[in-house]
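Single-structure report; data block below.
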Amino acid sequence: MTEELQQILTPEGELAGEPPLGMEETRGLYRAMVAARLFDRKATALQKQGRLATYAPFEGQEAAQVGSAAALRTDDWMVATYRDAAAMWLHGYPWKLLLLWRSGDERGNCPPEEVNVLPPSITVGAHMLHAVGLAWSARLQGGDRVAVTYFGDGATSEGDFHEAMNFAGVYRLPVVFMCQNNQYAISLRRDRQTAAATIAGKADGYGFPGVLVDGNDLFAVFRATAEAVERARSGGGPTLVEALTYRLGPHTTSDDPGRYRPADEESEWKPRDPIERVRCYLANRDGWTEEWQRAIEAEEIAEIEAAVAEAEALPPLRPQEIFEAMFAEMTPQLREQRGELLDASGHVPVES
Amino acid sequence: MAFEFRLPDIGEGLTEAEIVEWYAQPGQEVRLDQPLVQLETDKAVTDIPSPRAGVLLHQGAAPGTVVKVGDVLAVIGQAGEAWNAPGTDASPTRGPEAAPIVGSLREAEAVAGELRALPLVRKLASELGVDLSNVRGTGPSGRVTREDVERAARMSQGPEERVRLSKLRRTVAENMTRSWREIPHVTTFGEADGSAILAARSEMEGRRSSPVPWEALFIPALLPALQAHPEFNASLRGEDLVLKRHYDVGFAVQTDDGLIVAVIRGADRRAPLDLADEVQRLAWSVRGRSATAAELSGQTFTISNIGAVGGRFGTPIIPYGTTAILSFGRIGEQPVVREGQVRVASVLPLSLSYDHRVIDGALGRRFLSKVIEGLERPPGR
Amino acid sequence: MPVLNMAQAINQALDQALAEDPRVMVLGEDVGRTGGVFRVTDGLQQRYGEERVVDTPVSESGIVGAALGLALGGMRPVAEMQFMGFSYPAFDQVISHVARIRHRSRHRFTASLVIRIPYGGGIGAAEHHSESAEAIYVHTPGLKVVVPGSPDDAKGLLRAAIEDPDPVVFLEPIRLYRSTKAEVAEERFTVPIGEARAAREGTDLTLVAWGAMLRETGEAADLLLDEGIDAEVLDLRTLVPLDVPALISSVQKTGRAVVVHEAPRTAGLAGEIVALIQERALYSLRAPVARVTGWDTVFPLKRSEHLYLPTAERIAAAARRVMET
């Protein structure tokens, strides 16, 4: 069964349906997408400067992430992956922590108390079950919080995707499964990942709706997510949203897409750029100027640079934390091992 | 202050990269994150963005050169700033004094009164016969070391020389140990008047050209006692006392290697002269190492002439598999009391060891009395 | 005091926890309506409802992953894996997520959950139903692993596990479910996690065991006593964190040790225990430490099961060898 592709904003910036957002909201999300792309490029640069470990860029997927995250309530849970920095940031996860995590510092996995985002998941597929459990616990505790989980086309092949979808369907849990089908799982093309015509259609096997949207269309993504969130919140159960998009960059900074995909494919997708079409839309309604563009870029990059500086200025992690963070209270074994690593003065002896 | 931008590991374990093309020349201004240089690695060709805004003061290497991770790739600073390449590589900053990451295995806390010695050392102590509780440990935390044990062993013996026991000695030692360990020994002593034996010996020597071995005279004298008290001519096997009806008497032969017992088969069926020949023959065989197994084992009773080396009384060890052994000492003149008068007599000392599981004191005395009776009977009676 | 078997004691612990803490919930395959394949959760769904005692799809990874999500959201789930042999599909959730969420988030997110797993052989079960893979759980940093050997310990340890802010793998020796009975106090009580117990005191050697093997080890100790060997039986009760002081002081007292487990020998927990004894009690040892374990083979089917599991005689024989050295 082929799902109908939902689209509201064409690649040229023309409306093909009712916009779900007003001008101000649209400008706000446009700005967020611009900020996201600036962050993505900055993070890539930092990696090449040796200041970040491997980074997974999301360029091309800004609408899929920003549009969906914007449809959430602040107390809704988000469980996302290593590529979903934009979504996580929009839902409250500070740039600084996203950078810290990418530089191999556990403090990056520790968002502020009021931020309902789990640390980014590296393993593929397992995290969706955590969203299922979070949604479940929200309902058991009598609230109407919803959990959204982000994953790619590759993740739909993992057993845990099936188990998460199944639990969500059986218990009619308030979960939104947000699949960014960016056409590639590292080097494997989407048509080799599953024989299903669409990923959205898989929802059928679990007894709840699947929706296919143009993932580069901010409006379509926003509307589909808002509808799915509303369904979940009102007890209508889960939804699978498949956002068709494209990963313009490599899988990570260690990857070379030239080895497995043709260069002209990337240029095919460039005209469908998510940010550009919103810019066109805004420009046509006097919602965008060059000046404004420069201004917001300057402000956003300044914020990002500040986050970089803050992250890099943090004092080093205390070695003791390796042992102290295992349990609520250290076991005797951990205490002993901590002692082995540290000398009496608390310094870690340096290997010659 | 000029910033030295060192080549980072940009691809999960890369160790080097080749410069392809520089996008800026020394003296040129560069913006933050502006592409600075193109590198080729094992994985990809990639542009490296500038980590600083400023003026490029120095290019680390020329196009086509391979730069290692950690080498200076570029130096960025202020316009007009000088930067001198160091003559040698900057030494990596050293942390605090190097020490092993994992501390040495801390010795477990000693338990009060605990004797601390490695199993191997304990074994050595037991082999050398050293009592560990008397040894002062000089090892970590008072541990007794191998050297401590060896020193203790040396100190208790004074200067020494190690001589390996011969195989014969080792075998004898094994057998003796076994006898000693398993058989409860009791030794009882007696004295016989030796005049009859002496007379018998002179008479026999008259008929023979060679000296008469004492054994040839002792054996006939004790046979009646063996016949009267079969417990002395027996073998304890488990719960059974096997009384032998044959009389194979063993006697000790002195050799260079020590005492070896030779066995006279059917001693009761031999006349004294025959016994004398047999004793001599066996002694000669034993010393010549040509005695057969049958001649060296299987005795039912054993005698030992310690008088031959000047001994009088002793506590002989019962050969394993028998129940008794009798030692004869040197016949010597001793003062004796007869009918209230002190006389000089030839006294033959006797020492009888027997297996107390099988033979009690009264029986032991009775046997010895019978032996003495036999020894004191005039020849021919 | 009432006398309960281990299954009943565990049931009582769950019952009391469900009654006293609204965050506690039980989930697993067949735990609700039918009360569990061993009836350990019998009656709980009737009393506490389907929302708190949940029958799940056949989905072990799902059960553990959802339990983690539930715990992150503020519940205190007690998840059941129907048999240890079926817990393997959930290893990724346990090892990659449950065990490390606290560490990687520096206490910001924690997994206060219990995973109950019936384990071990000796009941003639079908293939895959007799596994003892405790070493894998023990070797995963971030988990506590507990194995009661008696009904009273089962109740106390389970309550302690539920109240523990960290993830606890609670191993239930299948063979002991019904075969051991003991007096179990009716009120709520806990047995501290991380404390071993001398099931029997002795002076000549230390027999270290846990779970179902405690039975054979006790029988071996009886045999040995008849031969004049006074063995101490140390029931570890907790595998992580191991009660090292109890282990060492027992071995220092006796000077000899035998470690017993039904799990396979190579890289089994006995290796870790022997390493600890060697590190900290070497000078007290009068003989090498022996191990009596399952073989490095697949657990045999029912007809050959008796060849695999350590018997009282095998344990006693090892003890005698250790005494003779």
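In this document, chain identifiers A, B and C correspond to the written order of the chains, with residue numbering beginning at 1 in each.
One rule holds in what follows: contacts are C-beta pairs under 8 Å (C-beta built on N, C-alpha and C of every residue); 3 or more make two chains touch, one makes a residue touch a chain.
Not measured: the values here are computed from a predicted model.
**Q** Where the centre of all protein Cα atoms falls, which chain's Cα centre is nearest to that point?
**A** Chain nearest the centroid of all protein C-alpha atoms: C.
**Q** By mean C-alpha coordinates, which chain is most distant from subunit B?
**A** Taking each chain's C-alpha mean as its centre, the farthest from subunit B is A.
**Q** Which pairing of chains gives the most C-beta pairs in contact?
**A** A-C
**Q** Where the centres are mean C-alpha positions, what is the separation of subunit B from subunit C, in Å?
**A** Whole-Å distance between the two chain centres: 46.
**Q** Report the inter-centroid distance (CA atoms only) between subunit A and subunit C in whole Å.
**A** Once rounded, the distance between the two centres reads 40 Å.
**Q** Round to the nearest whole Å and give the separation of the Cα centres of subunit A and subunit B.
**A** One centre to the other, that is 74 Å.
**Q** Taking each residue of subunit A in turn, which ones touch at least two of the other chains?
**A** none
**Q** Along subunit C, where are the residues that touch subunit B in the complex?
**A** 248, 252, 279-286
**Q** Can you list the subunit B residues touching subunit C in their complex?
**A** Within the complex, subunit B contacts subunit C at residues 105, 108, 110-111, 114-119, 143.
**Q** Please output the residues of subunit C touching subunit A within their complex, sorted ascending.
**A** Result: residues 25, 51, 56-57, 59, 61-62, 64-75, 77, 89, 92-93, 96-97, 102-110, 141-142, 144, 164-166, 194, 240-242, 244-245 of subunit C touch subunit A.
**Q** Any idea which subunit A residues touch subunit B in the complex?
**A** 41-42, 45, 47-51, 54, 253-256, 258, 339-341, 343, 347-352
**Q** For the complex, give me every residue of subunit B touching subunit A.
**A** 5-12, 33, 43-44, 46-49, 51, 94-103
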